[in-house]
Amino acid sequence: MTALSQGDVPAASSPLLKTRGLLAMALAALLLGVAAPRLVSSQLMLSLATQAIFDALLATSVGFLVLQNGRVSFGQAAFFGLGGYAFGVLVARGLMAAELAVLTALALPTLVAFLLGLVFARIAGVAHAMLTLAVGQAFYEIAFRWRELAKGDDGMAFNLPPRIFGFDSSLLQDPSVMVVVAWTILVLALLGLALFANSRMGQIAAAVRDNAERARFIGHDTTIPPAIVYAISALLAAIAGLLQATYNGYIAPQMFHWSLSGSALIMAVVGGAQFILGPAIGAVCFFILKDFAGRFAEYWPAIVGSVLVIVTLVMPQGIVGLLKAGWFRMRRQA
Amino acid sequence: MFKAVMMTGVALGAMLSVSGAALAADPLKIGVATDMSGTYASLGEEVMRATRFAIDEANAAGGVDGHKVEFKSYDTEAKPDVARRQVEKLVMEGYPVITGMIASGEGLAIAPLMQRWGSLYISVVNKADELTGANCAPRVFRVNTQSAMDAATVKPWLKERKEKKWAVVAIDIAWGRGSAELFSKAVKETGGNMVAELFPPANTNDFAPYIEQIKKAGAEGVWVVLAGRDAVNFAQQSKQFGLTDAITVAGVSFTTDGTVKTLGDSAKGVFGIINYSSTLDTPENKAFVKAWTDKYKVPPTNFEGEAYLGYQVLFQAVKDAKSVKTDDIVKALPGKTYDTIMGKLVLRAEDRQLLKPNYFGIVEAVNGELRPVVKTTVAAADVAPEVVCKTK
Amino acid sequence: MAIQLLNGIVYGGLLYLLAVGLVLIFGLREVVNFAHGALFMLGSYIGFTLAAAGHWWLGLLVSVVAMAAVGCLLDVLVFRSLRKHDHIVTVLITFGLLLILETVVTVTWGKAYLSYPVPKLLDGTVTIAGSPFPIYRLFIIVVSLLVAGGLAAWLRYTRMGLYVRAASTNAHVTSIQGIDVDRLSLVVVGLGTALAGLSGVVAGPLLTLSPTMGNYILIDSFIVVVIGGLGSFAGAFFAALLIGQIHNLGAIYLPWAATMLPFLLMIGILIWRPTGFAGSRT
Amino acid sequence: MSEAIAIQGIGIERRYGGFRALKGVDITVRRGEIRGLIGPNGAGKSTLIDVLSGRVRGQPGQVLIDGRDVSRLKPQERRRLGLARSFQRTNIFPMLSVEQQLRIASWAVAEAGVEEVMEELNLTALARMPAAEISYGDQRRLDLALALVGRPSVLLLDEPAAGLTVEESHGLATILRDLANRWNVTVLLVEHDMQVVFSICDGITVLHLGETLAEGNVAEIRADQRVVTAYLGTEA
């Protein structure tokens, strides 16, 4: 993780002041989100924004694992898919109330990730990436081939129950509503991650990431904090999967596929995985890039590929890393 | 994008030569969401070729009932979530008549959304029965042959055959499993028996273990339910193992024009279900094949034929509706008889599936080129699937 | 049974040819090369045009030479500047290369599937254990054994091979000892890419040519490299044979789990021993 | 100086395959004592520290802290009982700031005193700096500070002066002597710099080939012929 170690550590100003600043920023972002549907009239823009936010959530989940645990995951789609599938399957079969299905869809991936985290946290580098890839693909194979579960490779459409948490559920498939829901969740998630990173547990996890052995010798347990980070990261991915499944009314095995995990990782790194905000920004940029490149029909992979190579070579610290470096240079000159 | 612009240019050129009334009419705007870069990129290419052909032809004739035809296309990467996004974009950007998706999963993913978006979808490749069966949705139509229709074609053919010991190699996805099951049933009903049922996973590189098992089981014939890359891999490798020459090889989606062209001699003598063939002997088809061959130098493939069929049906419905509004087209489409390259065909009102004949054929040399040639025709009424759909 | 084992060796051999290129490049440059599958695909296409015209062997030669050149170019233009970067950054860049190569091939050769002829010399079957077996498949085994043997000899008995082994164990130390790592890596990356070209042509008569063909075999090759212990040549050889057998026997005896077996094996081995069964590096 | 035993190792064994790195070593460090652990390379000094601190577990032998058997406890559990250690190769948290990592260290132990430790080890000015960006000498002191947070009762130091200049290592020795006295920390010190060892240690244990060769005060060890032959040489 050499690139990570170059990232400078945020100067710890007064924690209270910092928290207050964060809260103010989050509040402003939330208000902006609520206002968005009134400011943007195009349903298409709102729908694209909604889907970009799902990507941002997934990318944030991947980036958080890099930031807090120093681990690169190639299988984060496993939790994205698990969240979507748990909800879709439970609702489609009417096995439980929709509210309970939502909770299950969030709790199950979180728990699975926590248990896996207890084992995976020991393993670093390429081996870790391959391990998560294998786990993700194992889930994919199950979803792809288990036809009785959700029609295997074809995927499954399902209808939402009329009401969820007392609200008309069809609103969740309306972009002007979903965009606000998803944005709110993203903002709260980012705020939560920032608070976690400043919390004792978050800082201990960061210490374990930096040097697990020394963390033991200064008296900290080195199994639980990383596992908690895995769990939180999986929870975020599951939220993204749950939202996408709800919005589309459809689940398909591609939700588990490594190429999705890979894109999320690309978004996170392009945005700057060593910053909490980086992956979300990377996801939005990547989404816009791909949407733009899509106009050139079958040539889009080459466009995306070229941009990826150039961007990564020019700014290995990601977009946020570059912005931050630029900001410091400006301040120094001023 | 620039293709769409070019198309518009071509269309405009055509427009200038026709009456002023046509210029005033609203254009018919078609959104083609198909796979341009993923697993099925080559099928997507065939869909695009048929699209250009059909639309050029219509515009050259002064448009559809005076309406100029325009289209826009996006890549779905054969992924349901991408398909959803691209179709939504097409609809919102003003191209509400959707067609072109390859994988059944894509079609099934966007089908329920058509009602909400006020758009309509005409399937030209999706095979899953559910699309017009258990999961049928309003504003969703299908002109291509669904799996159940292929299955119904097997029995008439099996009755003519001497082979009694059959093996099946089917891709381990919903389509392969379903087709294999129907085939086994047909074999048993015609007095034969199954000696091996093998389900290789999608995108298998090495078919040797399956080929070995077919040989070991002593099968006299093997029924192959593989498509695209899998089909080519299997055909190539079983030829190398001497299997193709030793026993009868037949299949569904196995002997498509594309596969046969790729395989060359390895495909010779292979039997298969044919959904459309450029060799069909009807005046309409002959005219179509001639026009096509003049333009592209090669005859149309089965997918190109079925995709073209979709445009024929759509354009006639627009004429009947005298409108390009989706609500009007949706009302006009079902329950009518259409003049097509495959004869007069009915788009059944109950499930919005086009009832069409199906064929059984063999790969033979035609004018020095290997091509699947129709040997048995099964009438539309005999392959018509049961109506399962309950949504209007 | 003999035939089934033989089939396993064929697929294992093919995986080895691909995996060993990954090992070479990873060992020296610490680059997890996601573009390797695309290079394999490119090699296959480069050989195709000549092979289809009846010059199979010439196609093989041209592909190997051309891919070696592509490899050298890649090393100079891309991998060299990646040295300072993290694994994850190199993954992104090689992924970008993959996308570019796929488009280049799509534009040059089209999207339609293509199929390779078997060279005339190797066409036909021989009878093994009472049933016909393609001569071409035996040829694949021979090629992979030749490559494995040649590589082992090169690593063992030449000065350069010694450096490669040293560099693969610890690139840092080697650069201190005054070896020109840049020149070394030019040769090694060129060789690794040439092997991708070789395997592309050799795999041609078995696999359908399509711009995405590399993706379907890349993951298997990664599994081989990881199980073999990242950076270990002998490990990759045995892991490839093992995965080849697992694919074959799994398809016959455990069809419902066949696709998962290599993944499960990889998970098991990584948890038991994160460096793979022959590896010592992290 | 009380006579109570702070840390004790009894019959410590350590095998790597067939090789016995420690052959049943006994060691006792009394409360408040600074004991030097010396011996040639490969004598087993670092291995002994590893066993005492819990880096290595599950081999024959017993480790007692204040008379309590901790042989089965993990390093973090031993740390919470007051056993801290430093490392031969700098072992810090490179991406965290000096203050942040000391604060994190303080959470594991009852007493905090992060500012105090920074003050004593001259790290206050560097509080906000990421550890990777401070000088090597500062990193060595940070390593020591990490062990000293919360005033451990026993401190195991594995060559704290390794790689330091002569002045730096003597400065470090002074700080150590001073802190051990004021904070009543028991120290077991592995060090090659005999100047440092002789100037601050109360007692010395000499290891040779995995066995205790000699034990005694500075004068006794300097006079011991076996030690001189095996390790010190004539110059010492």
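The first chain written gets the first letter, and so on, giving A, B, C and D; residue counts start at 1 in each chain.
Simple rule for what comes next: contacts are C-beta pairs under 8 Å (C-beta built on N, C-alpha and C of every residue); 3 or more make two chains touch, one makes a residue touch a chain.
Just so it is clear, the model here is predicted, and its values are computed rather than measured.
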Interchain contact steps from chain C to chain D (minimum; 1 if touching): 2
Chain nearest the overall Cα centroid: A
Maximum centroid distance from chain A, chain identifier (CA atoms): D
Centroid spacing, where centroids are CA-atom means, of chain A and chain D in whole angstrom: 44
Geometric centre distance via CA averages, chain D-chain B, whole Å: 77
Distance from the mean Cα position of chain B to that of chain A, given in whole angstrom: 38
Length of the line joining the C-alpha centres of chain A and chain C, rounded to whole Å: 33
Contacts with 2+ other chains: residues of chain A: 4, 145, 298, 301
Chain C residues counted as touching two or more neighbouring chains: 102, 106, 111, 259
Per-residue multi-chain contacts in chain D, two or more chains: none
Full enumeration of touching chain pairs: A-B, A-C, A-D, B-C
In the complex with chain A, residue positions of chain D that touch it: 53, 55, 74-76, 79-80, 84-85, 87, 91-97, 99-101, 103-105, 107-109, 128, 130, 132, 146-147, 149
Sites on chain C touched by chain B in the complex: 3-4, 7, 10-11, 14, 102, 106, 110-115, 118, 125, 131-134, 136-137, 205-208, 210-213, 216-217, 220, 247-249, 251-252, 255, 258-259
For the chain A and chain C complex, residues of the former touching the latter: 1-4, 66, 72, 119, 122-127, 129-131, 133-135, 137-138, 141, 145, 258, 262, 265-266, 269-270, 273, 298-299, 301-302, 304-309, 312-313, 316
In the complex with chain C, residue positions of chain B that touch it: 37-39, 41-42, 44-45, 198-201, 203, 205-206, 208-210, 212-213, 215, 228-229, 232-233, 236-237, 240-242, 258-259, 261-264, 266
Residues of chain C touching chain A in the complex: 32, 78, 81, 84-89, 91-93, 95-100, 102-104, 106-107, 111, 219, 222-223, 226, 230, 256, 259-260, 263-264, 266-267, 270-271, 274-276, 282
